[in-house]
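To start, the structure itself, in C-alpha cells.
As written, the chain order gives the labels A, B, C, D, E, F, G and H, with residue 1 at the start of each chain.
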Amino acid sequence: MADVEFDFERVRRIGLAEAVLGAGKNAGQLIEIVETARSRDVPVLLTRLSLEAGEALSGRFGAAVDYDPLSRTAFVGAVEGPSGAPRVAIVTAGTSDLPVAVEAERTLAFNGLAVERFVDCGVAGLWRILRHEEALRGFPVVIACAGMEGALFSVLGGLIGGLLIAVPTSTGYGLAEEGRTALHAALVSCAPGVVVVNVDNGFGAACAAVRALNLATPRR
Amino acid sequence: MADVEFDFERVRRIGLAEAVLGAGKNAGQLIEIVETARSRDVPVLLTRLSLEAGEALSGRFGAAVDYDPLSRTAFVGAVEGPSGAPRVAIVTAGTSDLPVAVEAERTLAFNGLAVERFVDCGVAGLWRILRHEEALRGFPVVIACAGMEGALFSVLGGLIGGLLIAVPTSTGYGLAEEGRTALHAALVSCAPGVVVVNVDNGFGAACAAVRALNLATPRR
Amino acid sequence: MADVEFDFERVRRIGLAEAVLGAGKNAGQLIEIVETARSRDVPVLLTRLSLEAGEALSGRFGAAVDYDPLSRTAFVGAVEGPSGAPRVAIVTAGTSDLPVAVEAERTLAFNGLAVERFVDCGVAGLWRILRHEEALRGFPVVIACAGMEGALFSVLGGLIGGLLIAVPTSTGYGLAEEGRTALHAALVSCAPGVVVVNVDNGFGAACAAVRALNLATPRR
Amino acid sequence: MADVEFDFERVRRIGLAEAVLGAGKNAGQLIEIVETARSRDVPVLLTRLSLEAGEALSGRFGAAVDYDPLSRTAFVGAVEGPSGAPRVAIVTAGTSDLPVAVEAERTLAFNGLAVERFVDCGVAGLWRILRHEEALRGFPVVIACAGMEGALFSVLGGLIGGLLIAVPTSTGYGLAEEGRTALHAALVSCAPGVVVVNVDNGFGAACAAVRALNLATPRR
Amino acid sequence: MADVEFDFERVRRIGLAEAVLGAGKNAGQLIEIVETARSRDVPVLLTRLSLEAGEALSGRFGAAVDYDPLSRTAFVGAVEGPSGAPRVAIVTAGTSDLPVAVEAERTLAFNGLAVERFVDCGVAGLWRILRHEEALRGFPVVIACAGMEGALFSVLGGLIGGLLIAVPTSTGYGLAEEGRTALHAALVSCAPGVVVVNVDNGFGAACAAVRALNLATPRR
Amino acid sequence: MADVEFDFERVRRIGLAEAVLGAGKNAGQLIEIVETARSRDVPVLLTRLSLEAGEALSGRFGAAVDYDPLSRTAFVGAVEGPSGAPRVAIVTAGTSDLPVAVEAERTLAFNGLAVERFVDCGVAGLWRILRHEEALRGFPVVIACAGMEGALFSVLGGLIGGLLIAVPTSTGYGLAEEGRTALHAALVSCAPGVVVVNVDNGFGAACAAVRALNLATPRR
Amino acid sequence: MADVEFDFERVRRIGLAEAVLGAGKNAGQLIEIVETARSRDVPVLLTRLSLEAGEALSGRFGAAVDYDPLSRTAFVGAVEGPSGAPRVAIVTAGTSDLPVAVEAERTLAFNGLAVERFVDCGVAGLWRILRHEEALRGFPVVIACAGMEGALFSVLGGLIGGLLIAVPTSTGYGLAEEGRTALHAALVSCAPGVVVVNVDNGFGAACAAVRALNLATPRR
Amino acid sequence: MADVEFDFERVRRIGLAEAVLGAGKNAGQLIEIVETARSRDVPVLLTRLSLEAGEALSGRFGAAVDYDPLSRTAFVGAVEGPSGAPRVAIVTAGTSDLPVAVEAERTLAFNGLAVERFVDCGVAGLWRILRHEEALRGFPVVIACAGMEGALFSVLGGLIGGLLIAVPTSTGYGLAEEGRTALHAALVSCAPGVVVVNVDNGFGAACAAVRALNLATPRR
C-alpha cells in the first residue's frame, strides 16, 4: 500500500487542486498515486515527470492520462480545461524556454484559465518585445520565462502595470549557473514590483496567477 | 547640476510613482534629488536611507519631507496616503522583521492603499498564526515578512488562497546567510504559488501588491 | 589482500556497530569487505550502495546479505532486528523522502530499535501533521525527513518536547540546492533545539538516536 | 505598545522556557520586552545582546536582569539555576570558543541543568582531549564547541557513546568561512551520529540537550 | 626605503602608463610611492584611494597631486589630459554608478582620451536609453556601468555595433551580491560579444578601451 | 510550426549575423530552425550542438550544413569564410582548450575574419609563450583560451598592447570549479585592461573581436 | 598533426618530468601524444585517464604503456621506478581514498621514489592512526589522503614533525561538497604548517614531495 | 584563572614552538596568556593581533614583548632569532602583500631561520620576477605571497625546483573574493607540485618551511 496522503481539502481551502511533483518518484510510486487518484475520483496534475515515468504512465493508463512530453506534465481525471478570454499572457525570451512556458500554460489550463503566448521576445532584438507592448498592457497577469541574464524581466517590468511573475529558466551555460543568474536578476530588477518563483517553476508561476486572479471573487 | 533623470512617465505607464533607492547615494546627491522633485512638483518615495541621509534630509527640509527612521523611508511632495478598507495584510514572524514590514506599509500608503498588520506570527508557536487564519483568508493579497528559515511562508501558503508575497528578511545569523536561507525557502516552498522578492525588499512587495490590485480595473 | 581495517572495538567503545559507506567503493571492494566481515563473524551495515553494487552483493551472497534497494542498505551477519515498543518516530514530508526514512529505520533495526513511521506530513496541508501531534509527543526521539524548504522541522519543533533530529533530503529542484536549503532551514529554525545531520543522512540520524537512547543506561 | 507576542505555552508544550533573540532588536525594543516579561512574571532568556543593548538593560534594570557580557546573555525574572550533578559536559577546542560555550552553559542553567566544562582540548595536541576520555564517557550528553576545521567533533565522536552535539564556532579566518568549514566538517564527520546546530549557536545546543535529557521522564 | 618597483617600461611595452592600486596600502606607503614617482618624473595614476589616503596625499602634496574624491583617484606628475573628439561613450544606469563611471573617465583622461557621458539610462524606463541610441551608435567603444541586474548591458548590446565593455557595479543590496549578479548577467548576456571587467573596475574598462583604440595604429 | 523569430535586422543593426545557441534545443527544433533559415536564405551560425543534434543535422542536410564536431558548431547558408591577413590571434594554454579556440575561430570565419592560432602556450613553461611575444604584439586583437588558474591571461596582458579577450575554459578539476577559477583570475588580473567573456564562450570572444575591428570603419 | 608542445626542458629546469592531464582530452588526442612522446623517447606520465582512454591506450600500445586503472595513470617510455628505502609515507583515511593515494604513489615511482602505505587510519577509531605514530615520525614527508571532514590532517599534524601534505579527496556526499569540506579543513587546520593541494590531486602531492626531497641536494 | 592549556610538548613532538592566534581573543585574555607564558618561561609567538591588542600588550609589558604592527605579531620570551645563511626565499607580488610576507618572516625568525626577501615581482611586468630567477633557484624553499589572480604561483612553479609554498593574500577587490581567487588559482596551478596554505597565512607557510627543512636531520 502506498505511503500517499492526498490533501483533498486543498482546492476548497486555497483554490488550487492537488498536484504531485514527479521528480524523485519512480514509475511504480507514480502509478500507485494515479491509481489512488482515479479510485477516489480526484483530478491530479503531475509535474516534472521523467521520460521513463511519462512513458510508463502512458503505457499503463493510455488516454486516461493526458501526458505532454514537452512540459513533462500529465493530467489525471476529468479536467475541464481553459475557458473564457485569456487573462494571462506568457512571454518567452527564446525557444529553449518553451518547456517551462508550457508547464505554466498546462497548469493554468488544469485550473480552467486560458492563456495567450508570446514567444522569442529576447531583448537583444528589442523590437521583438516592443511590438507586443500594447497587447501585453491589456493583461492583468504576465508570466515571463527567461534564462541567461533575465534582462527581459526588467524591460517588461518597465513597460506594463499588471502583475509580472518572473520564471527564471535554466537556459544558458557557465555563469548562467543553471538559472541562478536569471533568478538573481529578477530579484534585483530595477523595475519595481517584479515577483519571482523557483528556477524552471512554470507550475508555481501559474499557481500564483490563479491566486492573483482569485482576487476578482469578493472575499471580504 | 545633478545627473538625475526622473522617469516622469512611470506612474502613467505602469501605475507606480517614482521611487529612489537611497542606498549608495550620499546626502548631497539625495538633497539635490529632493530639490529637483520639489521644484517639478513630483511626489517621490525615498527608500533605504542611511541614518545620516535621513537626518540630513530632515535637517534641510523639515516637515516637507515625511521621514520614518524605522523603515528608513521618506515621502517627498503631496502624498494622499491610504484610504478605504485594507486590502493588503502584512504578517511578520517576529519583532526583528518590523522595519521591512513598515517599509512595505509605507510604500502602500504612498500608493494610496491601506494595510492591516499581524505581528509575531512565527510558526514555532503555531497558535500565533492559526488564530488569524480566518481573518487572513479575507485578504486578496498577503505580504509575509520572515527571516531565519522562513517556514511561515509555507504554512501561510497552505492556509490562504490569496496572492502570497514572501519577503525574506535578514533576521538571524550564521547559516541564515543574511536572508538567503529564508529566500531559498520561499522559492522552494511546498505550498504552491508563493512568489518572492529580494531580501528585505518591503518596497518591492508593496509594488507587486499594487500591480496585483490594479487587476480590479478592467483593462481588456 | 584488501586494504580494510575494521574498527572491531567500536561497538564496545561507543555502542554503535561497524558500518561501511558503500559510495565510492566498487563491487569488488565491497565483496572483499563482506567476505572479511563474514570470516570474522562481525555484523556490518552497508549504506549508500549503488544499484550495481547491491545486485553484485545479492548475486554473490544471496540471502546471507539482507539487501534493501529502496534504502540502498544491506545487513551482513546475524542481525537481531528491532524489539520492544517503538521509541523512535520517523516523520516524512512526502513520498520522495521515503528512501532516506527507510535508511534511518533500517539502521535503527540493525541496532535493535523499533520505529513508528508517519508519512506525508508536509506542512502545506497542516492537518496532516497536526492529527499526529498527540502521538508524536509520546516519543523521546523524533527523526524528521524533509526536503525543499524544510518547514516541517520548525513546525514539529514547536509541537513536541523530545529530541528532534532533522534530516534534510535532496528532494526538490533549482534553489532546493540538492538539500542545502532544507539543511540551512533546519540550522536556523525558529524552534529551539533542533539538531541536524548531513543531507540524506538517515544513517546518521539513526546513530544519533541510538546515542540519545543510550542515556537510559546509567553511566555515571 | 510593543509588537510582542510571548509564547507563554511553550514551556508546558515543549519543556523549554521563552527565549528572545537580541540580535536585530534595538535597546528600546528589548527594554519593552523585558518590561512585558516582568509585568507578567514570565522568566525570559535573552541571547546575542549587543554590547550597547546589554549595557542599556543593566543601566535600566540593574541586578533584576542577570547580564553576562562574555556570552552576551541575560536572565530576566526568577531563575532557579542549575542543580544536581552535571549531566552535560561542554568541551571547547580553544579559548576563542568560550563565549559560545558559556552561552550554552547559561542556557542550561536557565533550564535548571548543571554542566562540567573541559577547555582547550584542540586535537593538535591530542593528549589534551585524551586525558579527559574517561570522564567524558560518563556524560549522557556532550556539547563540543570548535571552530576552524572542527576536527574535535570527529575525534570525540569516536571516543564517546553519549549524544554528541557539535557547535561550530566562527573562530578562524580565511577559509574558516565564519564557521562554515567547522559546520560542514561536523555534518560530514566520519564518526557516526554527530548532530549539529547553527554556527555559534550555544543556545540551540543547550536546548537540544534539554530535549534529550527529557527522555528520562517516561512519556509513553 | 620603500619596497616599490615601478614597471617603467610598461607604457612602451603595452601602451598603458603605470597605475597603482591604492586599496590595501596605508597613507605612509602611498606617500612614499608618490615621492618615488615624482623624483623619477614618472606620471602615475592612483586608484581606489581611501578617504584618509586621499586627504593625506592632498595635505602632503597639494595641487601637485590631482585628487578626485568621487572617483577616489589621483594623478601624479604631468598629465596632458584628454584631447580630440570623444571616441569613448560612458553610459550609466543610475546615479549610484557615477563613482565608477568617473574612475573610467579619469583613467581615459590620464591616457589622453576624451569621453562623452550618458547618465541615468536604466532600462526600467526604456525611453531613457533609446533616446541616445543614434548617438551611441557613433562611438567605436561604449563603456556601460550598471549594478543590480545589469539589464542595461543586454539592451545596449542589441542596439550598437561598437565594442561594448560592461562594468558591473556594486549598486543594490541582498541578492545583488555586491555586484556579482550584474557581473554574471553581463557574462551570460543574450546580446553577442559583450565583454566584462571586475565589479566596480572603471579603471580596467578604460584600459581595455585604450587597448582597443590602439588598433588604429597599424602594427603589422 | 516552430516558435522561432529570427532577428533579421541584427547584422544591419550591430554588424553580427544571426546565431543560434544549440544547447537546450532538441534535434527537431534545430532542424526546424535550419529549414526556416534556408527557406529565407539567412546565413545562421549554430553553436554548442550536442553530438546527437550535430549528427541529426548532418544526416538531414548533408553538406548544406557545414558541421564541425570539435567546436560543436555548424554553418547554415552561404558563408564566405575568412579573407585577408589574420587580424586576430588565438592563443591556447593547452590541448584541452582547443574546442573553445576553434569555436572562436569558426565564429570569426563566419564573420569573414582570418585568424592565426598559437597553441600550448601555458605559463608553466614560460618559453612557450615568450617565443611568440613578438608575433603576438603585431595583432590588434588577441583571444586567449585557458582553464585551470588562467595565469596565461595576466602574463599575456603584460606583454602585449592590443585588446586582450580572455576566454576561461572549463579545463581542470576540483577547485578549477568548471572554469570559474580561470574566469575570476581574468577578472582580477594584475595586468590592466583584460576583458572577459563567459566560460567556454569562444563564440562571444569572437563577436567581441568583430565589434572591436569594426572600429576601423569610421562612424563618427 | 597534433597541437602538442612538450616542455622538454622541464625535468632539467625544475626536476620533474613531463606529465599530461588526461581529463578533457579524447582518445585520439592521447594516442597522438603518446606517439609523439615515444618517437622522441621522452618518458611521460599520463593522469586522470577516463576508462575509455585507458583502454584505448592499452589496446593500441599494449605493454609499452604501463596503465593502472585504479589510479587512472599510465607510464609511457622507460621508467626506472622507485629505488632505495621509502622516504615518503602515504596515509589514507579509508578505502575510498585509495585511487588518489595510488596516483600519488605512481607519480613518486615515476620520479624514482619509494613509498610506504598506511591505510584505513580514519580518526573515528583513533587507535588506527596512533599505532603508526612512531613509524610515521620517521618519514621526512607524509602525504595524507582523506575526504569527508578531513580531521585526519589535523590529528597527523599534531603528531609528526615532517612535511605534511594534505590531499583532500572527494569521498563523502552532501555537505562533503565533492571534497571542498576536507580541503577547507586542511587549510584551516589547528595544526601548524599543514600544506594542501587540489581535491583528489595525488599527482600534485607527489610532485611537492619530490620538490621537498630535492632539498637534500645542496644547491646554494 | 585563565582557561589556557599550553601544549608544552609541541616543540619536542613536532619541532614547532607554541603559537597563539590573537584573533578572537580580547586584550584581557591575551595579557593573561602572556603572563602565563612568562611565568613558565615558555617562548610564545602571538599572531593576528588587533591594533588594540598589540598596543595593550606593548603598554603592559614594554620591550619584554617584541611587537611588530605591520605583521601584527609579537614574540614573548627569549627568542634567539635567525642565524646562518638564508634557506628560505620570500617573494611578493606587490606592496600590499608585505604584511603577510613579514608574518612569515617573523615566524621563521622565531624558529631560528633566516630569510631573503624579493618584493614587487608581479607577473604583469615579467622582467620583475625573471631577473631573480637564478637567485631563486638556489633556495630549497620559496614562499610566494600574492593576491588578485595569483598568477605568480604558476610562473614561479615553472621556474624553480624547490618546494614552493603559495600564500594567497586578500589583496584585490570584487571577484578577488578576499583571497579565494588567488587560493583557487594556486590549487589548480598548471605548474606541478605547488602547495598552498590558508589566505593570508604567512604563519602557516613559515611552519611548513620549518617542517620541510627539518628534513636535513636524519630521522630514519
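Just so we're on the same page, contacts are C-beta pairs under 8 Å (C-beta built on N, C-alpha and C of every residue); 3 or more make two chains touch, one makes a residue touch a chain.
All of these numbers come straight from a predicted model, not from anything done at the bench.
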Intersection of contact partners for chain A and chain H: E, F
Between D-G and B-E, the pair joined by more C-beta contacts: D-G
Matching chain pair for B-D (criterion: over half of the contact pairs shared, by residue number), options D-H, F-H or D-G: D-H
Numbering shared by both copies at the chain H-chain D contact, with half separating same from different: different
Identity of the chain that, by mean CA position, is farthest from chain A: H
Inter-chain centre distance, chain B versus chain C - centres from mean C-alpha coordinates, in Å: 43
Centre distance in Å when chain F and chain G are each reduced to the mean of their C-alpha atoms: 35
Geometric centre distance via CA averages, chain H-chain G, whole Å: 26
Junction residues of chain B, two or more chains touched: 10, 13, 94, 124-125, 157-159, 170, 172-176, 180, 183, 187-188, 192, 198, 201
All touching chain pairs, where touch follows the definition stated at the start: A-B, A-C, A-E, A-F, B-C, B-D, B-E, C-D, C-G, D-G, D-H, E-F, E-H, F-G, F-H, G-H
Complex interface listing, chain C residues touching chain B: 93-94, 122-126, 148-151, 153-155, 157-159, 172-177, 180-181, 184-192
Chain F to chain A touching residues, read off their complex: 2-5, 7, 9-10, 13, 21, 23-25, 29, 33, 48, 170, 178-180, 183, 198-201
Chain A to chain F touching residues, read off their complex: 92, 94-96, 98, 117, 119-121, 124-125, 127-128, 147, 170-176
Contact set on chain H toward chain G in their complex: 10, 13-16, 19, 85, 87, 137-141, 157-165, 183, 187-188, 192-198, 201, 203-204, 206-216, 219-220
